[in-house]
Amino acid sequence: MDIIEEFKRYRERMNAEILTRGGLGIKRFFALDDRVYEKGVLDVRTKELMGLVASTVLRCNDCIVYHVIRCVQEGVSDAEFFEALNVALVVGGSITIPHIRRAVETLDQCREKQRKGESLEV
Amino acid sequence: MDIIEEFKRYRERMNAEILTRGGLGIKRFFALDDRVYEKGVLDVRTKELMGLVASTVLRCNDCIVYHVIRCVQEGVSDAEFFEALNVALVVGGSITIPHIRRAVETLDQCREKQRKGESLEV
Amino acid sequence: MDIIEEFKRYRERMNAEILTRGGLGIKRFFALDDRVYEKGVLDVRTKELMGLVASTVLRCNDCIVYHVIRCVQEGVSDAEFFEALNVALVVGGSITIPHIRRAVETLDQCREKQRKGESLEV
Amino acid sequence: MDIIEEFKRYRERMNAEILTRGGLGIKRFFALDDRVYEKGVLDVRTKELMGLVASTVLRCNDCIVYHVIRCVQEGVSDAEFFEALNVALVVGGSITIPHIRRAVETLDQCREKQRKGESLEV
Amino acid sequence: MDIIEEFKRYRERMNAEILTRGGLGIKRFFALDDRVYEKGVLDVRTKELMGLVASTVLRCNDCIVYHVIRCVQEGVSDAEFFEALNVALVVGGSITIPHIRRAVETLDQCREKQRKGESLEV
Amino acid sequence: MDIIEEFKRYRERMNAEILTRGGLGIKRFFALDDRVYEKGVLDVRTKELMGLVASTVLRCNDCIVYHVIRCVQEGVSDAEFFEALNVALVVGGSITIPHIRRAVETLDQCREKQRKGESLEV
């Protein structure tokens, strides 16, 4: 299964629908959600790594896929990924292991796409 | 994928098995779970909307599918759905977004079934 | 302990500080959080009851205190409270019972304040 | 602080109120909650230990206090307690540590009461 | 779908990768996770049942599948399974029902494999 | 209330007891928990900020107090704190607000101790 493409297509289609049909409150939340990862006094990499750790301890696969892709785009190394996932594993316990599997599987697919020169645009 | 049919078939099959093989305590819990959404001083619509919001902040897709179907049966409008989902989104944060996507996808399939005059019985 | 006064003083003091020192993103989130409970196609009462159920299944005592006060202000009856809490109890399980205790204790204190003609402003 | 007495007094007072004023659904839930820990094919000790592990991974201090008291009444040894808490710690991660502290503090107070020949009735 | 085979293949493949590429901290966590279910003053059966209850209240399907298989290997009877799941259902509420369905479906597939004399090795 | 001193005293006393009386598995978990925040390819500051975000979205006040103190020791600025808390707020929703209040209150007490030249040792 191409986790990345499947996630992107579904996310794009459903977000478009939510933003078209949902009210102003929902649109504003989505805008806040985009902006919170932008560069401030903390850089984008650090914020995306925080997003990955938060998604892993909260055990949300879709959020994990999103932040793995974004971290790869920001140049996070494999060693940095595994250290961030280790923090999540210790904080969140063995219950996060299935989600760490998904994070690593997504990372593998991102690296494969990078090797092939394919876009990771999300 | 027909989310609604797949959910109904799986739910029916497994509930039958659980109620046949499980003990009295499990049967009684299932009975309580049915009754809690019945009309009392609060009407069924309000209770099903509460069930939808609770399922969304707790991030349980199967529970979301169930309550979306039940809300549609009770005549909840699209505008009402999006306001309820907005409450869940603000309370539960961006981690609920994948589940809001699933709620909206299920709503779409319910509306499609309504247009075709198909049953939503659950 | 006066749950209501203690909650209000702490909330006011800390929110003032967060809104003064926090960035624009935090301010906007707090604004969204206020607006989501305003009248739309769903009335304020229904939305506050949803907030109460969501807070109970997520087991957040401070959020429960806030929504109990707001529900009382909106004229929610004791019978309606107990039906809403029953939904939360069935969805969230026995783990919510300590929080249902806190909800009922807060409701008692609100009713006491109402009898004495004291303000519930929050 | 006498964790056990404080918990028992508050629990008794609020449960009485909830059972008096709450509807039939709530009463039935409380009855199910009592019965599920009674002897069946699994013995009471094993079920109370399960209740302790579940309360710890869900991070509910009041539930932890309750099940620690009940486990002590059922003759669970300190070594058995620490093995059960170790399972909860590994499953639930470091986020459970503050709750494991509370469990051990409660266990200490139970042992102290046992030494003094005081009742642990709950 | 063969839940058990699919789970085992995915788990084996991804764990191998995580243990090869992850750092020492991750390896040690996985070792602790294995050891915590070994015989101590509590027997393996009791610990695996605790793991099942914890996984169910935390609503992690992969963890549920793992502990169902392990419980079957340890000779847990159907009646014991349903009592353990009943504890999880009461503690965790109706939100656990979809996961109890998955537990029972996995149990069925384990029993089927046992009837056919197939390995449950995990 | 002196949040920091109270937390430190309780933590020290209970950890000592847990490590004395708990088995090898618990000791090893505590060691892993210490080491995971040590400098690796990610620096200590980044890891402590991750710990703070994870603790906030998981809504654990004691864990928040610990990581706020550690972040202050590592020289995290107020602006960086508020950006990290903003990530947690957006990911985890309004249900995290009471915990963000606690984080900011703890930060204030840390700054006060720094002004007085008092130790933050934890």
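Letters A, B, C, D, E and F mark the chains as written, and numbering starts fresh at 1 in each.
FYI, a residue touches a chain if its C-beta (ideal position, glycine included) is under 8 Å from a C-beta of that chain, and two chains touch if they have at least 3 such contacts.
All of these numbers come straight from a predicted model, not from anything done at the bench.
Undergrad: More C-beta pairs touching across which pair, A-F or A-E?
TA: A-F
Undergrad: Can you spot which option in B-C, A-B or B-F is basically A-D again, with over half of the contact pairs the same by residue number?
TA: Equivalent chain pair to A-D in B-C, A-B or B-F: B-F.
Undergrad: Compute the distance, rounded to whole Å, between the mean C-alpha positions of chain C and chain F.
TA: So the centre of chain C lies 27 Å away from the centre of chain F.
Undergrad: Go ahead and note the Å separation of the Cα centroids belonging to chain D and chain E.
TA: 24
Undergrad: Listing for chain A: what residues touch at least two other chains?
TA: In chain A, 23, 25, 29, 32-33, 36, 40, 54-55, 57-58, 63, 79, 83, 86, 89-92, 94-95 touch at least two other chains.
Undergrad: Taking the complex as given, what residues does chain D use to touch chain A?
TA: So the residues of chain D touching chain A come out as 57, 89-96.
Undergrad: Considering only the defined contacts, which chain F positions touch chain C in the complex?
TA: These residues of chain F touch chain C: 59, 78-79, 82-83, 85-86, 89-90, 94-95, 97-98, 100-101, 104-105, 108.
Undergrad: For a test of understanding, state which residues of chain C touch chain A in their complex under the given definition.
TA: Interface residues on chain C, with respect to chain A: 23, 25, 28-29, 32, 35-36, 40.
Undergrad: Could you please specify the touching residues of chain A with respect to chain F in the complex?
TA: Spelled out, the residues of chain A in touch with chain F are 32-33, 36-37, 40-42, 46-47, 49-51, 53-55, 57-58, 63, 77, 79-80, 83-84, 86-88, 90-92.
Undergrad: Residues of chain B touching chain E in their complex?
TA: Touching chain E from chain B are residues 10-11, 14-15, 17-18, 21-23, 25-26, 29, 33, 54-55, 58, 60-63.
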